[in-house]
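In order of appearance the chains are A, B, C, D, E and F, and numbering begins at 1 in each one.
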């Protein structure tokens, strides 16, 4: 099977981190295609950047030419999840939802350690929308900005350890890494904290493998019924190419078996 | 005072309906500037169109050149509210939140009569986010599409009456018009149903007049602290002009006293 | 338009503070009539005094002789809101609900700084009833009693600053003044805290102006349908005049266009 | 032990029904003193009457001269419960809360069959305040007014049976009688419906016997700490006698060991 | 009346403590029969022991030969409550639910002081299931293990005092003893803390006396309808006697009038 | 990897259905060992049977001799999940939680079609405990008893179709099969209803493959810290062998890589 893993920002460096992480988590036979939007901010931290990013990620996936069996949305706490599910038939797995679900299977309450304080409110909204808020002990910021994560891995790990301990004090017995850029630090954090640490991209790849393996596709009965293809669109990006998106948003011409 | 009232879709016809409605609601001395995005779908009904629209509306407001004292977001149930609040200092009043608030002041439970069934899930999310869901008796669709509202006003009114009665059966004692395009039908629906009927644009204009009159601006302390202006953006619309938005999203250069 | 602004206690001094505050907030053409009950406690702090006060305020408004277009209930967190809505057709705006609503339009989470610890439980109930609790970060007491607020404005301001900071630590990004007597301190507190500070009476006047301007009246369809006028009442205050209230509680003979 | 059972309205007839019911439920050694307010409406159905009634019941109990070991508030869904708890040390048992609690012990979900439609919203608020709403399957009105209950017991029973069946359809497996005036009909309704039927006064008497037997009194640590006795009150009823209530609201001069 | 009071663990010593406590709380004429399971752990602290204990307690009651009018489940926060209600017609009163209910009648918010940290999560679940969580200010562990309570009563009391104070800081104005083994310490703790302290067994006996006195039995209409007696069971304990339980679980052959 | 899939009842026939289903869902390299308890009821429908079953399943797994990498609890809505997580280090995946999680990834709201009406209340509790209730549109019974599912597959399918349609009317856009015995009917139901249909065992196997593949184990930090091995147990089943369980419940001596 072949997964389209979409970084939510325009940073190629973060795309590569995500790609390596997804490949490490994928089982044999799962192909990973990691992409990022052609436009938008280099990182998304807070409501404004997240709403722009939602449109950019939708545009990116809808203008991607090759076949894929599932989409992994690799921006932690970012908007757009329900919109992507509406325009695709293949499963859409958001790293926020998938890692919280897996955390619920191996712990009683999870906590989220994210990057900037600006991101926590949106993450809470995302978890509420996913129906998993009652299992969350708290969302705390490490104060490491997205683009600073890999400048000094040891400093980042120290911040994660401190934040993770604060989450345990709030009643968490597992920790979810609240940024796709934290990839690769889960094992080390697990060793220090002694509780399960869940990485979003890894969990999302595993959940997508499960769904595709079971032959499940996204419901087209309710709010995820595709939008009206006849509606007129005025030149929006469509990956900056000026095409009329409306005419091609049907899920069926995207998914490939 | 001068309000920027933003239609969420690219239909100029709907912008004119919204403008007339806002002007009718505004008191003397309030100037209404009604605009719509330069790009995106001609109507937004459902998650996908709503997420694109959120970005389009943000882009439209951030590239608007004149001064304004408040923004009215004139798309019922659409995304982007929290993002707009982050990038502006002037008050941002969303018609979904404002009309639900006013309905709460004149009734015990309100119901929402919207357009397409595709829109109801997003409206519920918006009301939950606004913290007003516990006062809502239900969200029902008239099955009149946004672009069909003004093709036959009598048919639209009939559909609103039927939907309104169904909402009263669910326990509502007021009705909120769940689409900016329903403007002008509130009085007639009120006459038939015998309960308060709230129009979003009218309520939002009145709430904005209140906030501006009291000298209130949007908090910059928490999640609405402006995004980092130094962040690199890759050409996104910025109203299709290719400017780097990041450098100019500071709230302060938008608002005018 | 003409608003009846009702202090909830018998202190004329506090009525005058409220009146000045309402007049400062009102726009040109809005007439403010500030009254207080003829009976009851000189301040209401806690459940018992609040329940007596609810009856006193209802009695006061129902025996007021002149015309009015809206009632502003100027007791923060006090009982009686739903009862007043039942017996009047004109809009009834409670300062607790109105200031929380306005706070929701300019911030992500509000906190309430009130007077005595005895008042916090009732305020929480009032916000829950208004459906706005999920947007509230906390209710904290300054420990300044209602009747002590104006004895030393600087001490009061100091207490508000300390309480306001504690609310920001709880996640609030705006502060609501939780007592009508705090009127006039909002600007100064705003300057110190750097977040929006909402005064209840000012917000309620603005919301009432909005509702009256839009021609909205209180729903008579559901639980606010007027009580049976034929019911026999045994001499209750009716402003201590011994009249049978039941025969004159119809909303219609109170409101004036 | 000696219980003060307070009817919430001025109807002596209903007081006698309540008294008989309380005496039937009480065990040997429990003395029942049933009283009603000297002022207010002859029945309370809806918010306005309920708020007046709350003050009347508080006034009635605070001016009652004899000793008592507990108060039973015998108005279903009426306001004032928390106020009464603040001014007394002896236990205060509200029939709404007590019957819902007992229903929770013998069923999975209870439903409430009340009198007028006007009463249902207040009952829901009361159950929410008591923290028992999640166990309630619904509150439905029989449309029998309080004062009509005993005009034709068979008609009343028929209405209760129909309403009870509607509650079972909503998922209830027990029924609470939502008016003190329904006293005496619980056994007959139980026979027809085949589920437990709980009478408020009976349950409240039993709960009060339990609390008094265990020597429990109302907490004076939190929001039920007594109001300040030094506060000036302007002539309020105090059972129409013009006494200053404030000086005598201390719980201690009410309770008798 | 005759109550079967079931300890949830196999410790006879704790059964005797419970028995003495129940007898002290019972009024004249109430006979207490205290028993414990023939199998299972000597104390239940945490999910695993609690689930085994649930089965053991069910087995113990269903194989008890004598008549009884109510069952008191004397394990704080333990599982099995709904199962017991399904197989019996007589009232089943769980100490967790009964003491929380009584606490709600004499305070605004209660806190629970339990034994081991392992027990708190299950207690929260139990209170949520009982629908009383919104009245609970917190559940804290004294860190005194069940079997250590009576080794040094003074140390236990000290731990309860410290935990009780922490609960008051969380907003509680009453304390519930979160283990049947704490019996006898409620009065002393009450003296120190100055708030009502509720003992589970005492409250449950009082509530059962109330229910039996009113002639109430457990609903057989909904989820507590008895299981199918014709179902084949493979030798499970049935108090280690290998009898087929299924054939005799009908509530009616257990209860005695 | 090797999974222990535990049927919750003693019916070998149902174990075989579950085993076939798990094997069909498992990917190459996953070994399925399906077992059932040596004692207890032949099917679990309702609270009583479910609580006995919880203990039986715990006993069965703890006395199983071979190695395993994860446990799949194959009883839909049954108790015991948190107890199993406490005594094992390997992941414990409950079919109720896993199928609801997967449904959340491919739809907006899921509905549950179960067997007997007696089972619905326990299923709701299980979904609430898993934190997924807000995504559930309803739980409805097909009225096909567990042991009758395979007597006539066509009748069972008809009942599932009818129940599935009722769930869609409640707002579901996916259906979860609420009994392990429904295995094999998901594809056929999917064809008729046109929405995703999730089978619990299949989803749980896939989720367990994901967790084991990522090297995740159950948290031992909070409420799932193992019980005290030194505690004395009185002969409980331990698969009817009379061994003292307490001494061997440590998670570590169960799991094998």
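Points to keep in mind about this one:
In the analysis below, contacts are C-beta pairs under 8 Å (C-beta built on N, C-alpha and C of every residue); 3 or more make two chains touch, one makes a residue touch a chain.
The model shown is predicted, which means the values in this text are computed figures rather than measured ones.
Using the contact threshold fixed earlier, the set of chains in contact with both chain B and chain D is C.
Touching chain B and chain F together: A. Mean C-alpha position of chain B lies 28 Å from that of chain C.
Note: centroid distance chain C to chain E, computed from Cα atoms, is 45 Å. Chain F has residues 82, 85, 108, 121, 222-224 in contact with two or more other chains. Viewed as a contact network, the protein chains form a single closed ring in which every chain touches exactly two others.
Residues 10, 37-43, 45-52, 54-56, 58-59, 79-80, 82-87, 118, 120-122, 125, 128-129, 222-225, 227-228, 231-237, 240, 245-246, 249 of chain D are the ones touching chain C in the complex. If you check the complex, the residues on chain A that touch chain F are 25, 27, 82, 85, 91-93, 97-98, 101-102, 104-109, 130-135, 168, 171-174, 194-196, 198, 202-203, 206-207, 209-211, 213-214, 216-224.
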